[in-house]
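Every chain is named by a letter (A, B and C) in the order it is written, and numbering of its residues begins at 1.
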Amino acid sequence: MTIISGKKREKIDRLAELAAREEERGVSLWQDAFRRLRRNPAAIVGAVILTIFVLVAVVGPFFVPYGPTDTMGIREGVVRVGQGLIPGHSAEHWLGYDHQGRDVFSRMVVGARQTLLVGVVSTLIGLSIGALIGGLAGAAAGLGGRWGRWVDATLMRFIDMLLAMPSLLLAVSIAALLGPSLTTVMIAVGMVSVPVFARLLRGSMIVQSHSDYVLAATSLGVRKSKIALTHVLPNSLAPVIVQATLTLATAIIEAAALSYLGLGNPDSAVPEWGVMLADAQPWLGIRPALAIYPAVAIIITALGFTLLGEAMREALDPKLRK
Amino acid sequence: MALLEVDDLSVTFARRGQRAVRAVDGVSFSVDAGEVVGLVGESGCGKSVTSLAIMGLLPKQPGLRVGGKAVFDGSDLLQLDDRSRRDIRGRDIAMIFQDPLSSLNPVIPIGLQVTEVLTRHRGMRGDAAAKEAAQLLDRVGIPDPKRRLKEYPHQLSGGMRQRALIAMAVACQPRLLIADEPTTALDVTIQAQILELLKDLVRDSGTALVMITHDLGVVAGMCDSINVLYGGRVVETARRRPLFREPRHPYTVGLLGSVPRLDAGRGERLNPIPGSVRDLLPWPDGCAFAPRCTRRVDACVGEPPQLVLAHDGRSYRCVNPAPVPGLRPTEEIRETVPGEAEPGTVPAQAVPGDAPAVPGLGPAPSEEETP
Amino acid sequence: MTGTDVLVEVRDLKVHFPIKRGVLFDRTIGHVKAVDGVDLRIPRGQTYGLVGESGCGKSTLGRALLQLTPPTTGEVNFDGVELTTLPAGKLRAMRRRMQMIFQDPMSSLDPRQNVESILTEGLHTHGIGGNRDERRKIIAETLDKVGLPRWALSRYPHEFSGGQRQRIGIARALVLGPELIVADEPVSALDVSIQAQVINLLDELQDSLGLTYLVIAHDLAVVRHISDIVGVMYLGGLVEEAPSDRLYTEPLHPYTRALMSAVPVPDPDVEDRRERILLAGDLPSPANPPSGCRFHTRCPWAQPTRCADERPVLREVGESRVACHFAEQIASGELRPHQVQVQIVRPEGEGEEPDVVSAPSEPGSFV
């Protein structure tokens, strides 16, 4: 027999239900991860960097003060390379001229768009091909049976072959095959990341296919192919998404490296940070800033993607879930 | 003078942007030399945090606050600097953990790990240390100890690993051994072996043992006195037999009613505790167990319940404890007035018996709840 | 147990997992005999409890019974239908009648499904409930049965406590209206006070729905509490099978006695009085089990004759079935226990989880 007054009892009951009833609707894992992401300072910094970068890349080129290919410095006689004269920043030209008398600020802004394009497209190439191969292999390995194992083994040996080739060599051979262009750079950088995505997704799917909820679905009588598609695949995507974010950062750097080696767009009229860095090399003695601007831009952008990627890895980590 | 006297120990974890969590709140207990003391409770009750705080093994992180005292042999463990604490750890106080595999270094042979302890705390070296290590392994029941010394942890079975860990813990004849769920990861027949070994060691060497476990059965067979923890607080302390025969705190009653007993017949219904533990520490209002308690009364909400000292040196934190059959209400204890007495100093007299006896409030007769 | 209506009959079931090693090509160098010749019958509407220590093959037996792990040989007869030879499509349809409850309620629920989707999946698969409203009705009834509130439907597994998650797992099994439920360690991941809630729930559901259970657990007290018949497993084989109460009052197999005496009882008076049979050493590896009686290496009653070279079969002694050559002599006190030399056992793999035993199956199999 327990005696308790109404008001106090209400209070106890309310407290007991508090934790469970905070919100009316459930919070899915993605929402939960997003909440944790918002609380992480690293994620915020990364997101701010990337927002600025994307904004500049998308709308910046419409507002640049000068044409990126306008060699006005030579025309006006301000830039005289032969005499080692490349003027630095001024009120009209915020970042000064380059060796061909073009406005560096305008080139940086327009270059941002190229850089974003290279990063996103090459990552998408790597992600889609890699995820396709890895997903097929993972599903085949999970389905089991002789045929499934054979498909898995064949696909993975192909991936091993890709992995065995040094990435730069692979890129150079692709570039040699297709001729230097921006498309070449994107395909080359994308192909390099294919094995990473393929192995990651396959491994993740195999781990997931061992889990109890897959067994539970099997015991419900759900078809194997449906289990692979509705349970295994969605639960294996988190590390792939994190990797994609991190790959964006390396893709930008690798694209810059390939452009630097002269495998990028031969038409240097279209500015790209990697090309700008390469072009600045002969003038390091006269005006090192020409190399520093694109280098710093590449580093900061890559940092932004890395920060966000690492924060996403933390937010999606099931071990950190409460 | 007790060997270890823990007084009003509290541990708070504060993380930026999140509410501070008080995992341990005002825990007090004492361990005499040669005594086996149990800390019992379910996951999240603060039993492991308590032991880690005493040993100074809580991960150093911003926002961690440890309060209170843990006096071992005259010195407060919580005030010691790292160096002297390390000296005491292993030599005077040793610890055994739940998972022997992760407590042993996987790339170092067992023998080297044992002799390391001997070298560090007893200054033994070379052949003497190796001989002593072999003797230790023999003492904890590891067959063919000389060969085992050269083996790596992964070559031993779970039970043998736990024995090796115990050998390391008792290497320096510590005066206090803290065992944190030492048998939870083991099979029941292996558990029986390890418990028997611990009992023998305590009996032969006079080492005091603090046994941290969730298993009431283990406690019933081993401990001299038992502290039951819930929501970071000690809710009941008693000697072994009185606790199991006449549990006073409703949580202890509930725990005992929930465990299926080997000697009970098929189909005897269990009496589970309703609800589940919430991650809401400290419980903001009054007794943490109140939301799940079938004996709750008005006074359960508000101030945390005072510690009540009852007969036989037992104590509990409850304003409406379970009645003891054969004991008339007037014989027992005096009620404790909130605010008047300090926790732990309340004299033992009043008996709230079955009806709530809360000064100034009295029972509210109109509202009844049948559990 | 003759004469009762038998729902499940298992005959000479064996599950052997190949152990593969090799640098270039995998070679099979041996077999882990997880389940090695088990016969048992589960009467309709009753609970069969399977108890044993980790690595004894009890979980594998449960999965093989449901054909979630393909048996190597043997027969599993479910209500007159032979499951081992059933085509895949028909087997899937049969799954409606036999469901499973898992040990870890968190890992057995897909973290990306909310409760409604978890409960609907089975209904969709078997085409139960014609439209959305009908399915909702079935789901709501199931929630009531397991004691979960309606607002749980839109929630995700990580938002529940351990006990509630196990209720979701039970609801998922119940929603199809099965006859047999295999519960693999249904309470061992839960806190003591929550364990009792789930055990009572299972009891109530059996009373109201007439379910048949196979409860697999390492805790003899739990198994004895919930079961009508208890089977004790050791290294892939049944060593004793008896009605629950009889097993406690009159354990016949030495291993049963040892197991029984090792289970702690939360009562100091009982604990101080009881006689302990401490077993020497560890469970031998199921990849290389001892000859003859599997238990003879640790048995305090082992005899020089027969025990080491003749594997005892399960035979009827009174109401029990026991696999021991000397059960009668031990029961009468004619044979006395003796000291046993400890034999070192090498761990198979890294841990001693029962999962390790089933790990060498096909890598990454959905089955």
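Here, a residue touches a chain if its C-beta (ideal position, glycine included) is under 8 Å from a C-beta of that chain, and two chains touch if they have at least 3 such contacts.
Going by UniProt, the chains are A = ABC transporter permease; B, C = Dipeptide/oligopeptide/nickel ABC transporter ATP-binding protein.
Predicted model, so just to flag it, every value in this text is computed and none were measured.
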| item | value |
| --- | --- |
| Reference subunit C; chain at largest CA-centroid distance | A |
| Highest C-beta pair count, chain pair | B-C |
| Distance between the centres, which are taken as Cα means, of subunit C and subunit B, whole angstrom | 32 |
| Separation of subunit A from subunit B, taking each centre as the mean of its C-alpha atoms, in whole Å | 50 |
| Overlap residues in subunit A, where contacts from two or more other chains coincide | 322 |
| Subunit A - residues contacting subunit C, complex | 20-21, 24-29, 32, 138, 141-144, 149, 205-206, 209-224, 227-228, 231-232, 234-235, 318, 321-322 |
| Residues of subunit C that touch subunit B when the two form their complex | 53-54, 161-164, 191-197, 199-200, 203, 218-222, 224-228, 244-245, 248, 258-272, 276, 278-279, 282-283, 341-347, 350-352 |
| Subunit C residues within the subunit A interface of the complex | 63, 66, 68, 92-96, 98-100, 102-104, 107-112, 114-115, 121-122, 125-126, 151, 154-156, 158-159, 169, 172, 176, 362-367 |
| Of all residues in subunit B, those that touch subunit C in their complex | 42-43, 101, 141, 143-144, 154-160, 187-193, 195-196, 214-221, 240-241, 244, 254-274, 276-277 |
